[in-house]
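Heads up, there are several structures right after this.
Each of the next two complexes has chain A plus one other chain: chain B in the first, chain C in the second.
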Partner chain A sequence: MNPQALMDGLITGAMIGLGAIGVTLTYSILRFANFAHGEFLSWGAYFALAVASALGAMSSALLAPIGPFSFGWALPIAAVVAVVLTGGLALLVDALLFGRLRDRKSTVIIMVMASFGAALTLRSLLEFIATSKPAYYTQALQIALPLGGGLRATPDQLLSLAVSAVLVVAVHQLLTRTAIGRSMRAVSENPQLAGVVGIEVRHVIRVVWLLGAALACVAGISAGLLVQIRPQMGLDLLLPLFAAAILGGIGSVPGAMLAGLIVGLAEAFAVQLIGAEWRAAIAFAILVLVLLLRPQGLFGRPE
Partner chain B sequence: MMASLDQPVALSTRGLVAGYERDLPIVRGVDFAVRTGELVVVLGPNGAGKSTFVKAIAGLVPIHSGAASLGANDITTVPAHQKIRHGLAFVPQTENIFATLSINDNLLLAANILPKEKRSRRVGDLYAMFPDLAARPSLRAGQLSGGQRQMLAVARALIVEPSVLILDEPSAGLSPKIVAEVFAKLKAINATGVTIILVEQNVKAALAIADRAVILVEGVVRHEGPAATLADDPVVAELYLGVRQKAPAA
Partner chain C sequence: MSVELVGYACFFLTMALTYAIMCLGLNVQWGQTGLFNVGVAGFVAIGAYVSALLTTPDAANRLGGFDLPMPLGWLGGALAAGFVSFLVGALTIRLRADYLAIATFGVAVTVQLIALNAEPVTGGPFGIGFIPRPFASLAGDPLLFNLLNLAVLGVVVILLYLALERLVRSPWGRVLRAIREDEQAARALGKNATKFRLQAFAIGGGIMGLAGAAQAHFIGFIAPDNYMPMLTFQVWAMLIVGGSGNNRGAILGAVLVWAIWAGSAGLVADLFPAGQQARAASLQIVMIGVALCAILLLRPRGILGEERVVSRHLGKFVRTRPIAASESSKHANS
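Let's turn to the complex of A and B:
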């Protein structure tokens, strides 16, 4: 077996992990599975593409590659703007749809169905605006660097891994060391008691949407940089995201990232061992096995 | 601390009608007042609407008509999360702590609405008041015993120095020894000037520490008076409080 599968799995897994953190946070606090989460990845990737293209058109110097990477300063600047725009999109969807359903005390199944509707709408709208033709942040070719042990990775791939690691640590610190993190954990456990102690639950929900969408945006940009940008990219990653969120244990940030890496590695090894056509089935198999054998996931607590 | 009649009213309701469904009010027109520094116990048979009454004041059950005031401020429509900022703290009967958070995080969470420079001082004050909690601040609150959980819930409520503290059946599920400890602590807190409204099923223990008692029956106030008087009134005790009087010796 080619050891490169390890590196491929880690890189894919880091993207899945980032997206899964958003899924696990929204699931634990809003208490429904948001099937529109994958669309935030796609929209985030396209927001970054639009802003980077606009910056590149204004100044070609911003397109000149930074050091060993394939992209210029236009992309990191665009990523910051895209994070804000994707957060705004998530807040807009909440204000137009989920918030209204929450106010009506809608059941979980209605929220889930609404998220399906939101996903379809967002995906169709993106396809209408951007067409289904794949797009790229950069056309530059990168040579993979030997890392030892038969492993190779491009500078872009290593950067993607590093960004994921930094974000996981940052989100974990936010949840465990800050006032807003404590508030998020409190709302996740008992929203009514959270209100009694003075936490404005609506504010916490807004922060969760912003944070989840921001991480989805970074995952989308990472996927776009390493593979390609397509309106369907969020849909393709949706099942692995849910598999990772559930395997990690709902509400656990380190769990979501670890599980994302496990799903990514399982997919990569499956490609090597049983063929690429089985790749998509692996996330589904993991999801079913976890639900049957350990529904609380790796770091979750039993109900 | 026994409150005198010239003390200002700390909390009052006028014609309060409340319940989960508008068509099915559980609290049906309650006029109620508690003076600053009083410890008032709300008693009544099961289903009388005691818990719904205090939850409505705390903002957790919809108020359909009538009004609730905290001092001079009308709090009828104030959302639950803002009532603590007005000085009203509430300790629910069950799930009154965050079990997955540490003791320290439970207290810090409640201290969030205080100015930054005051937060750690208040947490320190509460640890001094509840030394059992101070011994293991990083322990997950879900690992505490029933009595310790009640103490943490009370400490969490006190951290913002509320003017009125409402507790919904703090003795539920506790052994008599622990109930005595919890009630002694409540009496001590009341002695510092905090007005307390206590909903209780444990009639004897509650009347022993209360200044005054209010008896709710079917969502309305049926009796009220000094706690000592009600405790000694055999008719009230038997009819409304489920306390059977001893038969006279033959």
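Let's turn to the complex of A and C:
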């Protein structure tokens, strides 16, 4: 077996993990499976593309590659702007759709259906604006560096792994060590009781959307940087995101990241055996296995 | 001219009726039982492919066809889709409500993948052609041919409607509603909620398979592109517009949404230059998506809404009571 699959799996897995953290947070705190989460990845990637192109047009110095990486300062700056914009998009969708349904005390499944409608609307809108032609942040080619043990990775890939690791640790600290993190966990346990003890539930919900969208945006940018940017990228990642969130156990941030890596590695190794065209079925197989053997996931609590 | 117009009307209505069958299937799952299926396209595709494999003449480059009579193909398609629904349901129905949604989404993705990649069985991206059409011997007379095709589907829809209406009003249908409204009360009466839900999910999936088979034989050609997530979305929009929980609403919604869809497709073709049409087609999808969300927000009952009372025995006593109170509580418990 080609050891390079290990590296490929880790890199895809880190992207899936970042997205899955958002899914698992919305799932445990807002209590529904958000089918529109994948679209935050695509919109984030396109926001960054638009801002980076605008910056590049203003000053070509921003396009000169930084050190060993394939992109210039335009992309990191654009990434920060895109994180803010994606967060804004999530809040907008919540204000227009989910918030109203919540106020009306709609059932879980109505929320799921609404998220399904929102996903298709967002995706098609993106396709209308950007067309379905693939886009790239940079045309530069990168040589993969040997890392020993037969593994190779480009500097961009290593950077995206490092960024994911930092973000997971940061989110975990946020949830376990800060006041807002405690409030989030309280709302996820019992929203009514959390409201009674003076936790501002609306504020917590806003933070959940911002956090989930920001992580999705970063995952989308790294998927766009390492592969390509397409309006369908979020849809293609949706099943792996759900598989990882359920495998990790709904509500568990370290679980989502670990499960993301497992899904990514399983995809990378299975593709070697059965061919790349079956990649999308791997996540489904994992999902079925988890639901059969351990429906509460690795770190979840049984209901 | 008028013959052409009648021909087009027949074609349009026949297409709409195939969607009406899907809608009726979804209504059994969602409208009557409250089970959310995000993989409608997958179950429709299973029905279409199984029926095509069973009925096409022997082909050199893939498995089958077995050249069986058409009704056997339709039956096979429905049974296969029903069986897959049963498996998915058995896996997820006892778990959280949205796990079923995620699993059905996975089924749709996987079925799409199999249709695209398992070339020896499904013909791969080129799909399966030469699917026998009803009354193919009369194709020389387009008007008669179209009318007969429409009649076949009309009969199927009417029979299905009558059967489902009977089912809804049967003790079985009432148990389903009882479970949807208040699972604990139904269980206290000794009804096995999981078993009833599973039956409803499998029956609904089987009806979707039947719709796929009927559509495949009406068009005569199938390919993986016909079964994109878009299809799932259209069927959902049809049911929600018409009124979920109401079989007449399901049929009405199918015809109405299909008319809007076909009309807006014509508009896109007229208004946009050839190079921009693919782009403009995505606006069509945006429109349907916004409409679905708007209906969920503004008129969750749809045009016809659900019949509150289906029992013949209770009719006189309950119908006079105001139903507003039970309406608001309905969505709070299911």
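Quick note on the criterion: the second predicted complex is superposed on the first by the 303 of 303 C-alpha atoms of A that agree within 3 Å, B and C clash if a C-alpha of one lies under 4 Å from a C-alpha of the other, contacts with A are read in each partner's own complex, and residues count from 1 in each chain.
Following the convention adopted for this analysis, contacts are C-beta pairs under 8 Å (C-beta built on N, C-alpha and C of every residue); 3 or more make two chains touch, one makes a residue touch a chain.
Since this is a predicted model, take the numbers as computed values, not measurements.
Enquirer: Answer with first, second, both or neither: which of chain B and chain C does A:S132 touch in the superposed model?
Expert: second
Enquirer: Could you say whether A:L101 touches chain B, chain C, both of them, or neither, answering first, second, both or neither?
Expert: second
Enquirer: Looking at chain A, does chain C or chain B touch more of its residues?
Expert: With both complexes superposed on chain A, more residues of chain A are touched by C.
Enquirer: For A:G195, decide between first (touching chain B), second (touching chain C), both and neither.
Expert: The first partner, chain B, only.
Enquirer: Touching A:I110 in the superposition: chain B (first), chain C (second), both, neither?
Expert: A:I110 sits against chain C, while chain B stays out of touch.
Enquirer: Of the partners chain B and chain C, which touch A:V204 in the superposed model: first, second, both, neither?
Expert: In the superposition, A:V204 contacts neither chain B nor chain C.
Enquirer: In the overlaid three-chain picture, which partner chain does A:L49 touch, first (chain B) or second (chain C), both, or neither?
Expert: It touches nothing on chain B or chain C.
Enquirer: Is A:A280 in contact with chain B, with chain C, with both, or with neither (first, second, both, neither)?
Expert: A:A280 sits against chain C, while chain B stays out of touch.
Enquirer: For A:A259, using the defined touch cut-off, is the partner it touches chain B, chain C, both, or neither? Pick first, second, both or neither.
Expert: Neither partner.
Enquirer: In the overlaid three-chain picture, which partner chain does A:A179 touch, first (chain B) or second (chain C), both, or neither?
Expert: Touch partner of A:A179: chain B, not chain C.
Enquirer: Would you tell me the residues on chain A in contact with chain B in one complex that are also in contact with chain C in the other?
Expert: In the superposed arrangement, which is not itself an observed complex, chain A uses no residue for both chain B and chain C.
Enquirer: Within their complex, state which residues of chain A touch chain B.
Expert: 179, 182-183, 185-186, 189-190, 192-201, 301
Enquirer: Note which residues of chain A are touching chain C in the complex, please.
Expert: Those in contact with chain C are residues 32-33, 35, 97, 100-101, 105-110, 112-114, 116-118, 120-121, 124-125, 127-128, 131-132, 235, 238-239, 242-243, 246, 277-278, 280-281, 283-284, 287-288, 291-292, 295, 303.
Enquirer: Taking the complex as given, what residues does chain C use to touch chain A?
Expert: Against chain A, chain C makes touches at 34, 36, 38, 91-92, 95-99, 101-103, 105-107, 109-110, 113, 116-117, 229-230, 233, 236, 278-280, 282-283, 285-286, 288-290, 292-293, 296-297, 300, 331-334.
Enquirer: For the complex, which residues does chain B have touching chain A?
Expert: It is residues 58-60, 79-82, 84-85, 90, 92, 95-101, 105, 108-110, 112-113, 156, 160 of chain B that touch chain A.
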